[in-house]
Amino acid sequence: MIVVMNQNATKEQIINVEQKLIKLGFSTHPIYGEVKTVIGAIGDKRLLNTQEITAMPGVENLVPIMKPYKLASRELIQKSTIVEVDDVKIGGEEIVVIAGPCAIENEDNFLDTAIKVKEAGARILRGGAFKPRTSPYSFQGLEEEGLKIMAAARKVTGLKIVTEVLDTRDVETVASYVDIIQIGARNMQNFKLLQEAGSTGKPILLKRGLAATIEEWLMAAEYILSSGDSNVILCERGIRTYETATRNTIDMSAIPVVKELSHLPIIVDPSHAAGTWKYVAPLSKGAIATGADGLIIEVHSDPSCAMCDGPQSLKPDKFTQLMKELSLVAHAVGREI
Amino acid sequence: MIVVMNQNATKEQIINVEQKLIKLGFSTHPIYGEVKTVIGAIGDKRLLNTQEITAMPGVENLVPIMKPYKLASRELIQKSTIVEVDDVKIGGEEIVVIAGPCAIENEDNFLDTAIKVKEAGARILRGGAFKPRTSPYSFQGLEEEGLKIMAAARKVTGLKIVTEVLDTRDVETVASYVDIIQIGARNMQNFKLLQEAGSTGKPILLKRGLAATIEEWLMAAEYILSSGDSNVILCERGIRTYETATRNTIDMSAIPVVKELSHLPIIVDPSHAAGTWKYVAPLSKGAIATGADGLIIEVHSDPSCAMCDGPQSLKPDKFTQLMKELSLVAHAVGREI
Amino acid sequence: MIVVMNQNATKEQIINVEQKLIKLGFSTHPIYGEVKTVIGAIGDKRLLNTQEITAMPGVENLVPIMKPYKLASRELIQKSTIVEVDDVKIGGEEIVVIAGPCAIENEDNFLDTAIKVKEAGARILRGGAFKPRTSPYSFQGLEEEGLKIMAAARKVTGLKIVTEVLDTRDVETVASYVDIIQIGARNMQNFKLLQEAGSTGKPILLKRGLAATIEEWLMAAEYILSSGDSNVILCERGIRTYETATRNTIDMSAIPVVKELSHLPIIVDPSHAAGTWKYVAPLSKGAIATGADGLIIEVHSDPSCAMCDGPQSLKPDKFTQLMKELSLVAHAVGREI
Amino acid sequence: MIVVMNQNATKEQIINVEQKLIKLGFSTHPIYGEVKTVIGAIGDKRLLNTQEITAMPGVENLVPIMKPYKLASRELIQKSTIVEVDDVKIGGEEIVVIAGPCAIENEDNFLDTAIKVKEAGARILRGGAFKPRTSPYSFQGLEEEGLKIMAAARKVTGLKIVTEVLDTRDVETVASYVDIIQIGARNMQNFKLLQEAGSTGKPILLKRGLAATIEEWLMAAEYILSSGDSNVILCERGIRTYETATRNTIDMSAIPVVKELSHLPIIVDPSHAAGTWKYVAPLSKGAIATGADGLIIEVHSDPSCAMCDGPQSLKPDKFTQLMKELSLVAHAVGREI
């Protein structure tokens, strides 16, 4: 950690900061520049409330040298993590595709879609039972009834299942049905929910917050990891920018950045990023070529009847076609699908 | 609502959309342009899953004419709402100032700060008992112990008290202690928490999400209002932009925009917006001159020992001085403090 | 065009707007909703100063139905444009790679790099002679001397050459040396420069502005196209967002969006987007798989001696390796490199 | 300057960086942490192409300690600059208001508006003769004819005049007519134009770019200042964010930030920030209370006939009323208008 003192800092202020750092267990190395003084402090910033330093008189700012996350960092764990959901391995050579409708509407439709995405090559089935909706007047999901439908579809197809949980009070129930628990973008910094989900020991699919930096996202993963759960799958799903041509702006560079900073696997959600099915195919190919470990794609047998996110859902036949094209791209970058 | 058909939409597709709209209870008014057809649809969009339309073949996009929120809108309620917390009225002629430390650390410090902000003219006392922290290794708050300290400070000073709640499971406990429940920026779209807090009937201080549009913010208010609670106070606290000179970018224009779109009162949090105490005074004056109904300001008797957000906290003497200056600005715009 | 009247608009205000529209050559179709009135206006918005309408009493807002650009739109020209620079065709089956150093520093280095990128498979040579630098104290380029070095390198290698122009006064000189004129991100809305460059008739490589919407970008292309030059190549180079892990955030979804809205070819600049060579390879592969028509990549034989943008430059051997990998990805999406 | 070496940097890489720094004239102070090494380098970064260091093997990143701008910084010049345009002083005790229409349309209208804003208390007259328009089909301004109309209005009213210049080729002509030259937001990084305008010695009104950081804005001022012109007035006019309720998001915190980092005066343009006249009054009051040195406000005698930006223009009577209200706010913060 480097503490930068401002131009007019007094000798006394500099000494005070040094003494505080020493008291906190750091060894200090001041460098007296022509205009400003900086103090190098050796020790582990993660144990420190850095604001105690920043708020001291004469301090201009504080530059961390180590990352604020630890368990999520490749600085600590250099080998890439492979999250295993029985025989499905996320983060290895295989590109894993998760597919299914935004919301579970009824058993027949859901099972029909499940069978089709299975045939097309998906390994995991998605579906929303608890839906976070911008409007209180929108369909909020079938709740536990939806979980039962998911479990039935798993039985028929053999696909693993993943669904989102919104409330700490529902975590236990959700965990009792599904293979992977999803934390949605709106809840990426719902720290109580992260801890509760992490304490189940289930693999967690952690979506990036709408305006979260990659650092904040890895800090959210750190919450789960520090709850004792080492199975976190990161999911890029588009960030909020000024551009309105797509619902969100997919941050494709997050893929190599995460691969450098962290050992955790990363998948991409092109459906929510784009907000329209028309861009799902090109973005899916782009994500795989950029290095993503998987995809989560919305598929609905009748998008214009979907109760949620119909416009961004692919029809099963388009999804089947896409899976074939993705296979070619996966091979081009030395992977399989 | 206006449905815009794309340039190549067939006659059949246009008819299908019209029939769907009619089936949904709308009356339709197609306009055939030189290149594109648009269909005006009269009826209440709030009752509709608009995506059913957007996902239909031939539809380019859909333009809402009415706001998606209703109870929060000035279209419905033209008279400005005044939220009353006993004798403290937010949204009226008086500018209400809320002050106190970020986190409650111990009873002595908290009471000391409480007495000082009361003397300076604050009407409501803030303090964090449950803290949403980016890092799992940071101080997370005193929890119920903190609530008891707040209640004790209320007894001594007569100030009303407000604190943030993070988890649906804590809402009932928090509501039993405080006068106003705060929903923080990170939880603005934690819809279950909004509903749970709304169902207590307590006044709710609803912070704007870090990257929330004003429309999404008013939709979050709608969640609370539709839970039966009519006492929502909006709080602008800075949004995330590319600029890094301040922690967040205070959106001062949100004040007149909210005043136009909604009947709810709006206050400003200059401390979290700026991230440093140095800019709190000018932004506080600016907020009042722009038309805010109040302020929430962090005050700590020893910022360099604060366990949270020390750098953005004012010392009590600076706060006292600021209150005097704010009084002049309030008078200049026809209000009192 | 749809004019939305506000809730309290009077009958007289509605009539005034209709009469104004009729006077401007539109035919009008009012729709009287339960709460608001909207007026459909048929005619060409591009001929209209829409603000005349928006500023009228009682008008809430105005919704355009047609795109504001015409010559750049696929609504007008449905066949994809292929920009031909002699035998190099941009926008066709071949993926065209442009490569070279950020700035031209001296003839030997530049020629050396030129020969190497040619051998690796690049078709066009880039190099900066006039450099837009954030600091007035940074190297500003060799100017015309640099153009001569480029021309010499073209003679030796047979590569086409492209360079940026910054000042209307230099357009004629630049056009006399190069095959393609580049308009940089900072000048995307330097309308005089767009017109001057367009009037040369040379192919124009138009970079997207740092915070330009896709619509504004196509409007900038419209400036060039309406100057009589039909050879515009669009270049996505990252946009400004809140994320700081990369210099800019590459907007990969701009590729399919531009393909849908416009007939112009689009290439991607992963070097400026990422700001570091480490992410250039994955983003290049991602761009091609997403559907880009080409790439522009910074290559420098000794990045740590580069006078500009060294950190984002690939060494020639890494570039050669990348070109081989890109070839596989190009084939996977049915194209060649 | 601090150079942070990455975790796996070899001893040799560290020595190479030190030797390079010494060769560049720095004295070096390495600090060996438990995991990473950082090297403090004392000397003036402004003389350095820092990328030479960043691109060296083993370097993680580089942390500047001094600001990249010098002449614009308060680190160098601690006394606030007052820009004098004859008897009008910008940056002193008086709040200076600039007013007038977006574009000059004809002499009668312009003179009429000029007389009215003069009577209301404006000190400087604005008007656009060269207009940067997003669409090539929009009105582009009267050019030199417009400058003549401005000069005539100055003669009648005694107001100083300011207009925007877009092209280096027009700088001399514009400078021969006006008292202050404006550089618009789109040209904030048109470095050739900055230098050309700076070389006239005229006061320059430098608008902040649409997505410019405050640091980049001060670097643009540095271009002008380093051309020998010390009279730069900064103008905040809203930045681009995800929020669409206003045309741009006014960054009110830029006022105290600029006051801290620079000695240059700063004014605010609420008209372009908001994009609608409805929010101009509250934002004008807010800007003054926050500490702005002046305002630039669009005023048009018949907004619905304006050829440019009518919706954001105040009518003269509303402007007169606003000036009275602003006077009260100015007094409340110890200034005059």
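Think of it as A, B, C and D in the order they're written, each chain with its own count starting at 1.
The criterion applied here is as follows: a residue touches a chain if its C-beta (ideal position, glycine included) is under 8 Å from a C-beta of that chain, and two chains touch if they have at least 3 such contacts.
Keep in mind the model is a prediction, meaning the values are calculated, not measured.
Of all chains, B has its CA centroid at the greatest distance from the CA centroid of subunit C. The interface with the greater count of contacting C-beta pairs, when B-C is set against C-D, is C-D.
Taking each chain's centre as the mean of its C-alpha atoms, subunit A lies 31 Å from subunit C.
In terms of their C-alpha centroids, the spacing between subunit C and subunit D amounts to 26 Å.
Look at where the CA atoms of subunit B average out and do the same for subunit C: the two points lie 39 Å apart. In subunit B, the residues that touch at least two other chains are 211, 240-242, 244.
Subunit D contributes residues 46-47, 49, 51-52, 54-57, 68-69, 132-139, 166-169, 186-187, 189-192, 195, 210-211, 216, 219, 222-223, 226, 240, 303-311, 313 to its touches with subunit C in the complex.
Taken together, the subunit A residues at the contact with subunit C in this complex read 211, 213-215, 239, 241-246, 249-257, 260-261, 273-274, 278-279, 282-283, 285-291, 325, 328-329, 331-333. Interface of subunit C with subunit B (complex): residues 2, 4, 7, 29, 31-36, 38, 40, 42-44, 63, 65-66, 75, 240-242, 244.
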